[in-house]
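Data first, discussion second: the structure below is written as structure tokens.
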Amino acid sequence: MADTTIGFAGLGRMGGNMAARLLGAGFPLTVWNRSATKSARFVEQGARLAGSPREMAAASEIVLTSLADPAAVTATYYGPDGILAGARRGAILVDMSTVSPSLAKQIAKDAAIAGARFLDAPVAGSIKAAEEGTLAILAGGDHDAYVACQEVFGAISRVSYHLGPNGSGATMKLISNAMLATVVQALAEAVALGEKAGLDSAAIVEVIGASSAAAPVVKAKAAAIAERRYQPAAFTLKLMQKDLWLALSLANELVVPMPTAALTHDMVVAATASGRGDHDFAAVTALMEQLAGVTNL
Amino acid sequence: MADTTIGFAGLGRMGGNMAARLLGAGFPLTVWNRSATKSARFVEQGARLAGSPREMAAASEIVLTSLADPAAVTATYYGPDGILAGARRGAILVDMSTVSPSLAKQIAKDAAIAGARFLDAPVAGSIKAAEEGTLAILAGGDHDAYVACQEVFGAISRVSYHLGPNGSGATMKLISNAMLATVVQALAEAVALGEKAGLDSAAIVEVIGASSAAAPVVKAKAAAIAERRYQPAAFTLKLMQKDLWLALSLANELVVPMPTAALTHDMVVAATASGRGDHDFAAVTALMEQLAGVTNL
Amino acid sequence: MADTTIGFAGLGRMGGNMAARLLGAGFPLTVWNRSATKSARFVEQGARLAGSPREMAAASEIVLTSLADPAAVTATYYGPDGILAGARRGAILVDMSTVSPSLAKQIAKDAAIAGARFLDAPVAGSIKAAEEGTLAILAGGDHDAYVACQEVFGAISRVSYHLGPNGSGATMKLISNAMLATVVQALAEAVALGEKAGLDSAAIVEVIGASSAAAPVVKAKAAAIAERRYQPAAFTLKLMQKDLWLALSLANELVVPMPTAALTHDMVVAATASGRGDHDFAAVTALMEQLAGVTNL
Amino acid sequence: MADTTIGFAGLGRMGGNMAARLLGAGFPLTVWNRSATKSARFVEQGARLAGSPREMAAASEIVLTSLADPAAVTATYYGPDGILAGARRGAILVDMSTVSPSLAKQIAKDAAIAGARFLDAPVAGSIKAAEEGTLAILAGGDHDAYVACQEVFGAISRVSYHLGPNGSGATMKLISNAMLATVVQALAEAVALGEKAGLDSAAIVEVIGASSAAAPVVKAKAAAIAERRYQPAAFTLKLMQKDLWLALSLANELVVPMPTAALTHDMVVAATASGRGDHDFAAVTALMEQLAGVTNL
């Protein structure tokens, strides 16, 4: 029986789907969102509306956040109306956003001072996966806290991993996204070369989609690449630039070279600079087609 | 009923498995191999042994070749004892090696002069896939010739693609291998960063293996990476260097930039230069671990 | 006649040489340094010793700072004992450290609030150039303030540039260092390839040193490369990593791809990770020699 | 006194200037050029016109060639009318073109069979340097043969280097050009970043032109970059692509990673694919400006 009180901040496309599943699973839910309009449908379905992250935290045993970027996470956790100001002693705070491991570690320290435990637990998966409850959760932090969240995690994910102390979840997410971006960049190069050699782009993606390099993302982007249509975006170039930069920043900090990730970042940057920042990140293919002279520069 | 007479040259690990499947399917088979010792077991099972590629070709309606590199392909097709010297009018010559599209086009021209048709039809898949008949065949050349080979292809593959005129199969193979190498290089960078951040390499590969970037090759290399053991090799760094170079040469010729493939080639080169040329190409992970200072340089 | 009162914070190898020249030119000088021992020789030569950056600023018409990194700059300008707390109305504050343009712009804003003007004016040149007064000054900020500093700049540099509003000097310094690092990385690759081909590294550097690519840095590093001796360092790999990262961060922020600079950063990182962080940045040559198998990995 | 009989094949922009200087220095000269029209002005000035490379070689103690690419070199040396067919016993054959070391070694072997000695002696320097006799000669081959050419070399160059056995000159030229291209690519990135940050491109190039990275090529390209005008070309992108590819091919063969050279090749390729193949290679700056969104893609 789902009787743990839950707070949820960040009702965007990912967070909204997760919150809806928690409501559907019967958890008593208190929600907060920066722009209040998104909260309405949850209130209609029985959620309580909090006036601030602090108020939300004060009402909850487990607090979940799913926010756009590190700045939004910082703004929601800190300050007089922030989660840390309202967190109950013994509460578990779970951030599912994509942030730097150092921010995750900082929040964990500050949560401990407030008597709460923190998990960095970003999610891997699409908006559709959030809707269907088939996300993967990549968690770092206290193992007992992780175990205590299993019922909640079960409502929103098909699998969760406990990867180590605080920062481990954030690290794994950055690594995973850097890898994803590089796979798509490699696909873009493959498509551009094949097209210039006279092959059909749909055939190229189909063959690669049946090869040892056939990551799910290859199939997911096949239609977009064949039709050269990168909107609406599942995940924008701008967001991928941000995530790649977080990964490269971590690599710089830890003194780790990442040559293909760095180059992929450069191509994502060039695609963004060309005005495609709001297109899906598979639009690096459009850039490579231009650079190959398959389409006009 | 498999009554088409088949010639098969190149009885190495890939070719030997394919030839065995053709014998098993009942095709009348004439074999040739540069070093004769490998032919013996096929003769025992009913194959005829030819004294030269020319003699093999003279006895066959369909001739298949599976050779180590472009030099071996050239040596087997050309010269007074080569396949082209012996090919029957109306024969179909099928090269399943990985060569440059320009070599494929050249052989196709010379085959036409000899009254034969040529398919460049490299295969994608492991030695195990060759044994089980589950390769993918990437063919370029005359469509009717491709159709005429379906029974033969069926015995050795789970799928075949006709990708366009001669050179298309060779091109697709090079593209596919370049993509494969880049995916593994991206994985190597992910593992090195994660390890230096304190994560377990097996956990990293497991999480990526369940993500959108989870190409089959990620799972295939998981154990090798976790155990840092890159021998015996499924596909050596040296061979990958050769295939990447063929891909980059094609890209240079067609004036197509391939930044991550070029960088992957550089890392494969560095791993080879460090003495790992005969290790599996997943050993770029060992290189990245060294460059990150996770292991000693 | 040099009667403008000058404050100088940061008496390291660069700053110390600049301060000495200002004393030599007859400027009334007040100095401050985090560790007081470095101040002694300046006091002996007639400088006043300030107890804090604030006190130094309060005594000076023009305040110069030459500090190791952005953190030191922030610590020296801000806080109750910082320069901004003591700056006179009408003073000119000149930071000659290498920092991000955004930090430079921030200090400029805060200086304006305090009634002072700020120039970001990092210097290009070696410690020897600082000693000889032949640095180049790359300045951004108010043009009148720049003009008012000409006498001071004349004592320490052979040339100064006014490049635009605040941030322009910082930007130009980052660009210049990124270019410098890439030139040396290109040289390292040239040396490694040439050596493996059997050429002598001294001959390679000599020929390049007489070519169109003969940047002064090529000659400056010739002996170190030929002797494979990278200590003592003129400019360490660690510092170059920091500066390259500031440049790449600016590029990421402004959405500009810098592929060879990004790769150079990766090689600097790998060289640092191998334990050479305190070696001269020309030690990327040692890394490339290892990666080429010219020396052992 | 210049009484050695000289043969000269290849009267293009570089070769023509060299041949003119040899005539001016009083050497008895026999010329040959693929298209005969270019020979006329040399005949007017007293040169003999040969009907074939063979005939030219038969008349000469020292034979010089300055040709566009490896294919032209092969065509001029080999075949029944080639230089090797006509070379005198004891002659010295000197190729000043940019070719692969392996081709240079091959010609050297074949020359030895014909009783002649071969030097690979590509030149570094511009067309203007060829006109003024201030080229640098990078020679590989027999040292006595090199010494015997000093009077001839003196007429066309300001310096010559003997770098080792055959192939050494060709290797040094490829290395030198790869370095040159990378320096200009680094400059292009610097300009694009600086411009997007609001700096003036002329100022950027001026500051770099006075820095430790101030290679002569920086000054040579300053006007072209400031005016965004890359025609007429001193050295085209297409030729630079060819030379970079020869360098990367040598690196691949010798198993040497060259990450920034490989990336520079990719950017040269992309600039060529965008239709600028006949522009000066400094037009990588135009590409980087486009990729940064400073100008339109």
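A, B, C and D label the chains in the order they appear, each numbered from 1.
Definition applied: contacts are C-beta pairs under 8 Å (C-beta built on N, C-alpha and C of every residue); 3 or more make two chains touch, one makes a residue touch a chain.
Computed from a predicted model, the values in this text were never measured in an experiment.
*Asks:* Taking a step as a move to a touching chain, how many steps at least join chain A to chain C?
*Replies:* Shortest path length, in steps: 1.
*Asks:* Out of C-D and B-C, which chain pair has the most contact pairs?
*Replies:* C-D
*Asks:* Using mean CA coordinates as chain centres, what's the chain B-chain D distance in Å?
*Replies:* Chain B and chain D have C-alpha centres separated by 38 Å.
*Asks:* With chain centres defined as C-alpha means, what is the inter-centre distance between chain C and chain D in Å?
*Replies:* 37
*Asks:* Go ahead and note the Å separation of the Cα centroids belonging to chain B and chain C.
*Replies:* Whole-Å distance between the two chain centres: 52.
*Asks:* Which chain C residues reach two or more other chains?
*Replies:* In chain C, residues 251, 255-259, 263, 266-267, 270, 273, 291-293 touch at least two other chains, as defined above.
*Asks:* So how do the chains connect up here, line, ring, star, complete, or something else (other)?
*Replies:* Looks like everything touches everything, fully connected.
*Asks:* If we count contacts the way the header does, which residues on chain C are in touch with chain A in the complex?
*Replies:* Residue list for chain C touching chain A: 241, 245, 248, 251-252, 255-259, 262-263, 265-267, 269-270, 272-273.
*Asks:* Going by the contact rule set out above, which residues of chain D touch chain A in the complex?
*Replies:* 259, 263, 270, 273-275, 290-293, 297
*Asks:* Which of the residues in chain B end up touching chain A in this complex?
*Replies:* The touching residues are 101, 124-126, 136, 138, 159, 161, 163-165, 167-168, 171-172, 175-176, 178-180, 182-183, 185-187, 189-190, 192-194, 196-200, 203-204, 206-208, 210-218, 220, 247, 250-251, 254-261, 263-264, 266-267, 288, 291-293.
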